[in-house]
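There are two complexes below, and they share chain A, which is joined by chain B in the first and by chain C in the second.
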Partner chain A sequence: MTESAETPVHHPDTVANAIATPERVQPYDALGLKPNEYEEIKKLLGRRPTSGELAMYSVMWSEHCSYKSSKIYLRQFGKKVTPKMNEKLMVGMGENAGVVDIGEGWAVTFKVESHNHPSYIEPFQGAATGVGGIVRDIISMGARPVAVMDQLRFGKIDEADTARVVHGVVSGISSYSNCLGLPNIGGETIFDPVYQANPLVNALAVGVLKHEDLHLANASGAGNKVVLFGARTGGDGIGGASILASDTFAEGGPTKRPSVQVGDPFAEKVLIECCMELYQQDLVEGIQDLGAAGISCATSELASNGDGGMFIELDGVLLRDPSLTPEEILMSESQERMMAVVEPSKLDAFLEVTKKWDVETSVLGEVTDTGRLIINWHGEEIVNVDPRTVAIDGPVYERPVSYPAWIDALQADSASTLARPADSDTAALREQFLKLLGSPNLADKSWVTNQYDYYVLGNTALSFPDDAGMIRVDEESGLGFSIATDANGRYCQLDPYAGAQLALAEAYRNVAATGAVPTAVTDCLNFGSPENPEVMWQFSQAVEGLSDACQTLEIPVTGGNVSFYNQTGDVPIFPTPVVGVLGIIDDVARRIPSGWQDAGEHLYLLGVTREELDGSTWADVVHGHLGGRPPAVDLAAERDLAELIHAGAQESLISAAHDLSEGGLGQALAEGVMRFGVGARVWLAELMQRDGVDAATALFSESTARMLVAVSHEDEVKFKGLCEGRGVPVLRIGVTTGAGESAELELQDLFTASVDDLRRTNRATLPEYFGPVVGG
Partner chain B sequence: MRIGVVTFPGSLDDKDAQRAVSIVGAEPVALWHADHDLKGVDAIILPGGFSYGDYLRAGAIAAISPIMREVIEAANAGMPVLGICNGFQVLVESHLLPGGLIRNDCQQFVRRDQRIRVENNTTAWTSDFAAGQEITIPLKNADGGYIANAETLKRLEGEGLVAFRYLDVNPNGSLNDIAGITNERGNVVGLMPHPEHAVELGFGPQGAERMRSGLDGLPFFTSVVSQFVNA
Partner chain C sequence: MPTIVVEVMPKAELLDPQGKATKGALSRLGKSEFTDVRLGKRFELTVEGPITDQVRADVAEIAEHVLSNSVIEDVVAIHYPEGEK
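Moving on to the complex of A and B:
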């Protein structure tokens, strides 16, 4: 509400005034509401809204808060379920975050969310508050946050503006999550020109709780107090949700910088500890974090999910800026705030805890049984609405969908027509292998991850560069979880249905590779404008693909986020459904790393290699090509593979497992060697013969449901028996060799590269553009 | 033996320090910044983190928090005190140790497995190390650059008060590669790297044999326990 909105209202627009002045012109369009939506509000109220009510409806009915364009599709996740999918699900979609039973009385809550638009305008604060927001979602479920990870997509690595965004985003995440004391254990960093003026900054957080500590965002029990605590309310982020997250960046428009929120991780850290103590003493009936749409969202959602009524005296809100109008207070997205519902008899104890942590607290009102959300400002009624109309029964759109005419030609343009080096041209194969290894998306990401603390809390069993992050939950039993996220926008551009399934399959495979059992899913669906029918087609395809695949694999989506309007001008980003999979592991001591640590182990390739180079990193890096059909999805094979690895992990047969994905077998071998600096001698002749592929395809194809594993030679018979018993194609392709200076990756009859050469190539790329990594 | 771990608002590695104390068989005692009560502990750890959000200067506000009056008194009376990372910053701001800690010269937060040399194995927290022993423990901070004036540096070096020195890489621009120092008496020790994150198989830095298996932090805690037992 900076440049474009109405002039500040010093004498508030009361309900009585709204009734008396029906003719007053209201700036609903500047607040992001469409004419039909404004008419709908008038119909619901039987009068024009007050300016405070208009502020509330405008933020809560924004795309970001209401899911008005995606709702009809997201329902599929709730419908495509099997009994097994509900077994471990304690809280599903619709709450702040989903909750999964991991056994031994423990539960895990996790969610991924977008903070894309703020991060382009102000990369540091945008990314920092993205972490802060998702962490508060986790706290509000009653859980202690224990890990974060970020899914980052930037423009072309050598474009001048990319470095600005990268530096800001990474230092924002580093500064916020390190200062919160949360290990950052994984994530993605991708560069592609489609994200040039619309980077994707997604943040995921995981929390753990005992079953009995589960809290939900509802306001029940008339007479219970409504308490706001945490940071003071200021003028930051006003209109952030409705205007920033729901509009594209128009050239020449007014600056939107003041709409980006500013984070204070110290305030959030104290808030976490304060909430944990409140839960421990059982002082909270219901709780909700303040994120997008601030007090508007918290009051209307708490009231809608509870007994339906609430009375608030808004002048009780502690302000950082005393000149804020009531409308601005309702819309402010100041960070590090929570709203709790507290029994009157527990209020003193509640205030004692917040005082101990020096967290400012104000009692704003109470739960009522009137079915109305009533907000007063200095004794005058400025809001009187049915909270469900604000929070739940917002508009729902069935947007026009149209099949993109261009996709047929794109799919017809297969990478199989691109030139591949002959098997005898070993110099060209080596050159392409190294070119991929040093390409921005396959290059070492230490420049980013060395700025993240993964040690804090002392429970990190795995983190980057392993396939998934893993955290110990129970220090006695070793019970833990593993988590990975994936998305391949190039695949999704070729086929959004398959692309979304491929994202799920890869995250599932990554989690399985660590020895955990994949159990639940979260997603962050990043797309272009929903008003573009072709984008809506992509979206509908992706949701259908993802929900179908979740049903087949029998792992439920527990929550997530939709981010639309990711485009610059008329050009949408590639559809980028980021999928996170969470797995359970009985004892983290049995975790499997992505590389081998000893010489003399057998290397096996699991799965089948086909000529699947369409959409591959090879096609991109070597030929600058995108076309054809993405690799085939085989969910049954993925499940067999995951079950095999889990069975092998239970018997401690597998000493390393690494999923094959972008860059294919060549990249997986290089990463396996580089992980601990232990070399390997590999022969591909049998593989090429069995699968009928040439050397380039064997090295660079991105066929799915494949993994590279290392097994001690004594366990060969047992392991191969396990594979055959489960029908997983297995082929021995090599042996691990020595460590030290002479360590190398030898591909027999093709080429050899020393570990030093591999690391030099892999590690040079990011520092070349963003500056040195400390210690090299 | 009872070892207190002080929690300030914004302390992050306090639970990890407590875990390390338990692992060596001592009893961890949680101490609260706002109390004037050391609960009868025999040694004190000031843990890592961002106390008070590093506002003003890292460690500056924590240094004047209520419990520090008792900590300073106890330290001056000879009680073993270990400051890790933010705890080191607090010790410096409290003038229990000389010098100061400034922004890393690379201007970034750095997290890495850091090799350091134990330069002084006669302190309360280093007696279980061999002289000159080279160890690897995690380092993670934004303000780890050790500075002091020429006179202080000369005294630190001359009197053997440099307790730890960075090897291979100086990750933050510390003068003389100083990673940690001790007072003359050897009871107060501060360092930027984190020994409490190298005490448990599977959760430490990369070890020579196995991933995350480094245990080079254990002697910090066994040193103080064995001196207590032998006293």
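Moving on to the complex of A and C:
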């Protein structure tokens, strides 16, 4: 930090000093604050801030912590609600993570968050600490973490730097989550040149708790003790929150170069168990994890959400590096730390528990009713602020928005003009089908997922490559949840409003395909710079689209994260609103897998196929094309489809269900065959006639609200009756055939591919670029 | 054949989980006089033929870019054999 030279450790910039030396020049711009923000701080305090206060405001008013550019849009999620959306919502947006009632006295908490920028600078530690951070959010709600998932976007698969980032990120995630002993049950891995110098590493975690174990981040009850516990505080990631998330890499000179954080998953594992015991013994009044902005964030948020006052003696913080200045201690992002509010009468018992787990603990101060957050350093007051001005009432910007100049031309350039093979050109159709199957974004992701442990804890009911991950919560009743995440940046580039809705629709459909009832949403909105009016337009459209769709489907957004400044030079990434949907299933024994397992089952296509190839994987892989309008969103049809599958699951009518999305029907069929090596004979003639499409469209179109299901022969009448009763378009398109070496996917009158061919094509791609598959 | 030694340490301000674990082990053994342990890496690079300026340049480069991760580690020393200074 620039102040350290002028502010020696032993002579901190006190409040008295700030009053006495109003003229002192402060390096607010190097800390990421704009001149108007600095003026606002001076107005709030009635004097210049001390360097400690400046440190706090700069990190807490950064885009990452304050949501200053996104706040005005995010309010829509709170406004567009129906009574049904609140029925199961125990904790909504604004806390560390949302909490949903799943019945039987159980609740689930889940959230997805970004760790994009650190993961480009230092892929291994960046991704690892991304997992650690989101897991602590879950712990701080009073829940035991039970699963994680990662949503990854990398650059072009054959660029040299991509391999560096992929290897680092995947081993960072696997290292941290495998050490913690948490199953990684799903996620996404996408390659596209727009993410070349700005990969996206989003991390999601889920935890379960009993209703009575719910904890919140607030400091109430004057006289209660404020306790910091976990790892010691060091110089990790100082200024990471404000500087990393507030500016582009290109401008970052040496002074802006932040240090990254190094995580210790074994310390976090101990912290989890320690917290669980603290909750069990009811020793905690309020709790908050330390993530971005460290102690600055934890103290100001706890105080703002509680009685409003807190007194802290900062020299009580246990340090790894004794030379840290108070400003650095306030900003440090050292990992594996938590802050709790404890009643004085319970303090001894609290310390007993942390001692048992060998977790270092220091009592820093107490809750007050003064309405001020006061921080002392060796007896001198270095911070005296209204905590709400730091944590809640930060700046709010209504950034300029402008309709992108290029978007009309992009939307006019439809994929319908691209050459498609004639129905009779079966060789070309086969070739394109296989080309898609082996393309980086549709290829088998075992190279990634085999590095993760996905059955640890013994409650994983579904995992990759199924449509959604599923975890059993109650071992007696079989109650569980299902979770899926999706985002298609290409669709969002074409139309961010529709694209965000398509992300929700796909995640919703994936969860529904497992037989669960979609119930709640989390999102991680990854965009370019908010200072670019065209990006701000994309953001406003995406939030509007997502909030409208959540209202229509009646599933609330419970929390999430916004990540701006994702760009290389001046080129923003495609808007990438990652949407996660959580569903509830009464008994995981009634789950529906994605692949068929027996011969002689009937294959049905649910939904209607239209000529919707704009933004498709086919347009990308075959023609290198992006243009037109993404597939039409039909939320009513999505809901009908989801309700149909749930009804079918209740009666155990459906033996397999797989959603149709990227790659279309061709990809869904191939995945169905490859899953358990059971072949299928499929006829598309009726489909082509009913929907008026050619063979290429039938195979590659990405029309929404479609699913491929397998139903046993005996249940045919019942199943068709169910579809007709609910008005879901249904067409029998095939039958499953034998397993074994001769298993094949036969598309009658078009082409045939053996299961070996399919698997070879699908599995070769990632190892070709990144080396052999682990454990494959 | 001459051997060149490269020493790499985690950056001072970053957490060093292995060093911390070692320090914990020492405390458990009653060796509490050691207040901190930091743990680094030592590379021994054996060279065929004399250590030329080119070799030195190569060692400096790989020490910086291959043997260490400059984001979280520092190359603290490169030792050349006696007489090869």
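Following the convention adopted for this analysis, the second predicted complex is superposed on the first by the 757 of 776 C-alpha atoms of A that agree within 3 Å, B and C clash if a C-alpha of one lies under 4 Å from a C-alpha of the other, contacts with A are read in each partner's own complex, and residues count from 1 in each chain.
As a convention for this text, a residue touches a chain if its C-beta (ideal position, glycine included) is under 8 Å from a C-beta of that chain, and two chains touch if they have at least 3 such contacts.
Here the structure is a predicted model, which is why all the values come from computation and not from measurement.
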Output check: A:570 vs chain B and chain C. Expected answer is one of first, second, both, neither. What do you get?
neither
Contacts of A:461 with chain B and chain C, given as first, second, both or neither:
first
What is the contact status of A:597 with respect to chain B (first) and chain C (second): first, second, both, or neither?
first
Which partner, chain B or chain C, is in contact with more residues of chain A?
B
Using the touch definition from the top, say if A:320 reaches chain B (first), chain C (second), both or neither.
second
Per the contact definition in the header, classify A:23: touching chain B only (first), chain C only (second), both, or neither.
neither
Report for A:266: first if it touches chain B alone, second if chain C alone, otherwise both or neither.
both
Touching A:476 in the superposition: chain B (first), chain C (second), both, neither?
neither
Could you tell me if A:236 is touching chain B, chain C, both of them or neither one (first, second, both, neither)?
second
Scan A:121 for contacts with chain B and chain C and give back first, second, both or neither.
second
After overlaying the two complexes on chain A, where does the chain B footprint on chain A coincide with the chain C footprint?
264, 266-267, 358
Interfacial residue positions of chain B with respect to chain A in the complex:
9-10, 12-13, 15-16, 19, 34, 48-50, 52-55, 104, 106, 108-112, 138, 140, 142, 168-169, 171, 194, 196-197, 200, 202-203, 209-212
In their complex, what parts of chain A are in touch with chain B?
171, 174-175, 178-181, 264-267, 269-270, 273, 356-358, 450-461, 472, 475, 588-589, 593, 597, 676, 772, 774-776
Inside the complex, what are the residues of chain C that reach chain A?
10-17, 20-21, 24, 69, 71-72
Using the touch definition from the top, list the residues of chain A that touch chain C in their complex.
121-122, 125, 231, 234-236, 238, 259-264, 266-267, 320-321, 334-335, 358
